[in-house]
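One structure, pasted below without further comment.
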Amino acid sequence: EKVIFGTNWLAQAEHGGFYQSVADGTYAECGLEVEILPGGPQVNNRAMMLAGRIDFHMGGNLLQPFSAVEQGIPVVAVAAIFQKEPQVIIAHPGMAETFEDLKKLTLLIGENGYQSFYQWMIKAYGFTREQRRPYTFNPAPFLADKNTAMQGYLSSEPYLIKKEAGFEPKVFLLADHGFSTYSTLIETMADTIEKRPAVVQCFVDGSIKGWYRYLYGDPSAANELIKAANPEMTDDKIAYAIEKMKEYGIVDSGDALTLGIGAMTEARVKDFFDKMVAAGVVSPDVDWKKAFTTRFVNKGVGMELKP
Amino acid sequence: MDAASLTAARPRLLTMTGVGKTFGGDVEALRGMSLEINEGDFISLLGPSGCGKSTALRLIAGLIHPTRGSIRWDRPKGEGDLGVVFQEPTLMPWATVEDNVWLPLRLRGRPRAAVRDDIMSALRLVGLEGFARAYPRELSGGMKMRVSIARAMVTRPRLILMDEPFAALDEITRFRLNDDLLAMKAEIGCTVVFVTHSVFESVFLSDRIIVMAARPGRVIRELAVDEPYPRDESFRTSAAYVAHCRAASEALHEAMGEAA
Amino acid sequence: MDAASLTAARPRLLTMTGVGKTFGGDVEALRGMSLEINEGDFISLLGPSGCGKSTALRLIAGLIHPTRGSIRWDRPKGEGDLGVVFQEPTLMPWATVEDNVWLPLRLRGRPRAAVRDDIMSALRLVGLEGFARAYPRELSGGMKMRVSIARAMVTRPRLILMDEPFAALDEITRFRLNDDLLAMKAEIGCTVVFVTHSVFESVFLSDRIIVMAARPGRVIRELAVDEPYPRDESFRTSAAYVAHCRAASEALHEAMGEAA
Amino acid sequence: MSLAETAAAAAADPEEGARARARRIEAWARWTLPVAVLVLVILGWHLFVTLNRIPHYILPGPVRVAEVIVADWPVLWDGMLVTAKIALYALALAVLGGGGLAVLFSLSRWTEMSFFPYAVILQVTPVVAIAPLIKIAVDDAFTSALVCAWIVAFFPILSNTTMGLKSADHNLRDLYRIYGATRWQRLRYLELPSALPYFLTGLRIGGGLSLIGAVVAEFVIGTAGTGLGLASMIQEASYRLNIPRMFAALALIALLGVAIFMALTLLSHLLLRRWHESAVRREA
Amino acid sequence: MSLAETAAAAAADPEEGARARARRIEAWARWTLPVAVLVLVILGWHLFVTLNRIPHYILPGPVRVAEVIVADWPVLWDGMLVTAKIALYALALAVLGGGGLAVLFSLSRWTEMSFFPYAVILQVTPVVAIAPLIKIAVDDAFTSALVCAWIVAFFPILSNTTMGLKSADHNLRDLYRIYGATRWQRLRYLELPSALPYFLTGLRIGGGLSLIGAVVAEFVIGTAGTGLGLASMIQEASYRLNIPRMFAALALIALLGVAIFMALTLLSHLLLRRWHESAVRREA
């Protein structure tokens, strides 16, 4: 059976596990032919899933499943590949020592970030709307002005800034400051779960195994696919990203250590939900339990692949 | 023999009854014009500038509609039966002289190759055979007008409407074209309504002269030129010609006097 | 008294020597034209359609440059000394009649209020005082041309170039405007170069007639009309007038013959 | 009496009556027809959505969108004001910039030869790509938004006006030369009026583009200092999967665009109706 | 002999000589001037960057950009082909769509009244917002990219052509009526030639916009199935902080835009030079 998985960004190491299973035939073992459809800054693959044009979508964090529930849209998160969202705030060296120091700076935040974590930053830390400028995924305005900080992805911007601008920026991982969402969620429609649970299970299991193999085995086949889908990707970039994922425990930390990659727990989701309600990002009326299901994860699948 | 009896025997083509035309609510361009056009008539509209000659012609052509009164065609207007020369050359700037003359035939679906001879002989008639490939902007004022005349002639229409076609031409060319027009009329038996401000031209060409006055535009006299066709140089020097010219000239003065 | 001696006493204004004009490399519109214009002259260019009259006028106006020969101004061309009537009315469609006539004065920086009387009297001259507020598209062909004439007259220029200004007008209006033109010339002593295809008009108006022939355009005869000004109706019926007309007419026939 | 006369005239000339009727019908259709089509389109949309049971998060029905517009009116109205403000400012700048450049180019062929290519470059450069540079160069967010919107909108006005200035009648040009018009007079009294119909067409294109420009600017420059515009609302609603609201904002943008277009069409009609072929009413 | 004659003529008429010289200078300046300005701009850019020591990741100097263009030529060239392909297809569609609609509207005033508002709506709707809908409705990525680019480019052509069709000379219209032209003949022989200058101006605007449209389409549709275009490279490069390469891609887009514009200008000149005021060469 053919299924399409839409990511939310151009092919990169953060999608490695999925490519791994495509490359080594893990999905095919349970009968799935998976096509990965890369996203991009202006590309909206979630709409494609809502329209039934693709089967699975890679969600950035839990806020969107919450929104879906609020809007009565039957989108459900079935696995959380990243235990921590690799979302960072980057500042010039010497401009911010603590997270609080960022409040003095102008922040370049993309639209998605503004609608999600930035709302939380406003509530939890007292950042303001006025200090935010849109980030169009071009770091030049940040580099041009020391008094700005910008959003970034753990494995991308810090590396680039170091390589191109020649300085080591100060990096704050939001997850370490209380933004407790899961990330790289596998989302699908409730309908799919109901009618094709085997397909969902197969895709989730295949992805989890892929991630173990990608992180702890030989990622070269997956990397070839990534480089093919995104010619700009380089080996050293990928290597850096894998290293950072491991260093910060993005994928394999917390619950994942015991329940296996992809783990989700109600307690953790509730914790995040409460924070977001407090931040005014999500309405308290939302039935947050509808946003995800643990039916397909927490089974320790693939843990044997870990050395 | 008066004007009516001269042409009454011919079948009626068109009847204008009490036609009035007012532009934009206040400019009365024409008032109470009644006119009968019979087949084979050569009718001249003569009058001072602004007296409604062009307006009358456009009414006959059906381009504008009367504000009062009515215009009735007594026999169905056939396709392509009409030829027209406007007061301005009205050429298509993007087309060569040849293509401009081709237009009425083209609109009837005649391919250019099939009618090239017609086009060339029409151009020869107006002395422009050497300019077939020229564009309108390369022509002098009189030459443009001659292209327009050739275009009206090329279809040999049954009814031809001409609005001061020869005004921009020198007398000699004008005389020659007068002769050619009469020859064509005799040959195909067409009907002509001809606007002019030249007394001599109107007398030489027409069997009826409608003298008009301005403000408001109206008919003040209808003169019959009951002289036989064909008319030639000898007619231009005859006593009858002079008498008719005098009568027309007097009517015109009357029109001007009233207008002043 | 020949043509040269008649006007030789007046100061020279402009000299054309062996002027030729070829368009686009192959159409020879004018060949070897030499002409002297003295102050106070009334010169008519007479000739068949397409003989280069308009071309000659545009050369004098400095709008086009000769391909051969030279044109020399013998006294500096002053600002606004020139008035012009083109063969086409050349009105601005977005401006009222009044504003069109105002144009030459406006270009000299005269506010409309200050020259309203001049504008109205120029319009009165051409019989259009009632149409000051009309737009060009609301005028008849002859009326447009009269606006153009009013525009040329309104500045009372020292040199006035007119390209068949009266061709679209009836004889009576034409005669009246001929008289008015001569009156104005007498009053302000201006120089006129006048293109016409009417033998009668050229004889009545001018002291020199340049008869031209076509293909290639060239001067074939220069006739002096050595009759005193002011000229009036009585001149039109004089024997001298008839004689001059005959001479001009012959020259014109000659031009046509050669051209044919 | 006068009524009887009119009736008699109509009776005497049935054709004239028919024409008068046709005129009346047209005057009436000019308004009712677009409205009727609008109603049909909305009805078709409604039926399509309900009959195919399209879920509201893919394509909301018109009823739902209308509900959202009513419910969220205060917010949407504020957003519309913000977007309209940027669009109108940008249009004004585009008129000044595009028209001004066209005039400059017409005054000096050398300038035109040298700088027209740069106008083309400005037109084809993707705003999204150079927005960061603009942000670096221009401090104020509102100003940078204006610059972005201007870049999008100015070219049609420049291009059309340039063409219009060149299309002035050559006989009139000659006339102006003979009467010793200065370059400036020729421009003011001859070339600008000649260019008017071209300019107005460019203006109508520019009107729509300035709105697009305002939207794009909001996307790439953001709303800081200008308040939340419709574009931001679209983005926010789309992010929150509030698709009916996204459509509501889209509908208001469309409405704004049509309103701008109609206003400019009216302006164009008023300026041209007395003399230009395209606008003068003639008898058919 | 002939040479001596020419010399004599020139000597006899110094003015004519001066004019000939002016003509030669102009013919020469027509090419050298823009090039000279280009050189100056690049030099200024270079000096600005080097004197202010602007780091290359903010604004790279021209030398660096040129190096990147040379070094990455194979990739950039492929990207240019992809983008050019979408832009040209979109332009062709815009000509068909915009021109076709204009003709349809001119054939039936009722159609125009009913549907022109929708053309305006299409123009002002932000492509970014409706791209997902397009992608849902249209399967093929290339086709959706084309649809996006078309939406951006068609309106100026529609608008200008509509204006042009209405601007046909009324006397010529009357002539056609008298000679019993069918609606179709009038369109073909009268209205289309009259509209040509307007259409060509619209085409030149549309040419630039179709390139913009191609870029936007690449942004919002993604690259799947269409290969990597210049827009994706800009995004990529900007995201990777490879700013010199971003500028290289931008420069190529600008170049492409200027090339399209010049080709259309040439076309316009060839079509109009024999008869239209704006293109006919006259003596000054």
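To keep things simple, chains are lettered A, B, C, D and E as they appear, and every chain counts its residues starting from 1.
The rule is short, and it goes like this: a contact is a pair of C-beta atoms (placed from the backbone, for glycine too) under 8 Å apart; a residue touches a chain by one contact, two chains touch by 3 or more.
All values reported here derive from a predicted model rather than from experimental measurement.
Looking at subunit B and subunit D, the chains in contact with each of them are C, E. Of all chain pairs, the one linked by the largest number of contacting C-beta pairs is D-E. Distance from the subunit A centre to the subunit D centre is 42 Å, each centre being the mean of its Cα atoms.
For this pair, subunit B with subunit E, the centres built from the Cα atoms lie 49 Å apart.
Note: centroid distance subunit A to subunit B, computed from Cα atoms, is 85 Å. Multi-chain contact residues of subunit B (touching two or more other chains) are listed as 63, 88. Residue positions of subunit D touching 2 or more other chains, listed in rising order: 58, 128, 132-133, 136, 169, 219, 238, 276, 280. Among all residues of subunit A, those that touch two or more other chains are 44, 47, 51, 136, 138, 140, 144.
On the side of subunit C, the complex with subunit D involves touching residues 58, 61-63, 79-80, 82, 84, 86, 88, 90, 92-95, 103-104, 106-108, 135-137. The residues of subunit A lying in touch with subunit D in their complex are 44, 46-47, 50-51, 64, 67-68, 70-73, 75, 111-112, 115-116, 129-130, 132-134, 136, 138, 140-141, 144-145. Residues 55-58, 128, 131-133, 135-136, 141, 219-222, 224-225, 235-236, 238-243 of subunit D are the ones touching subunit A in the complex.
Those residues of subunit A lying in contact with subunit E across their complex are 10, 37-44, 47-48, 51, 53, 136-140, 143-144, 156-157, 160-161, 163-165, 230-232. Against subunit E, in their complex, subunit D makes its touches with residues 26, 29-30, 33-34, 36-38, 41, 58-59, 109-110, 113-115, 117-118, 120-121, 123-126, 128-130, 132-133, 136, 155-156, 159-160, 163, 166-170, 197-198, 201, 204-205, 208-209, 211-212, 215-216, 219, 231, 234, 238, 246, 250, 253-254, 256-258, 260-261, 276-280, 282.
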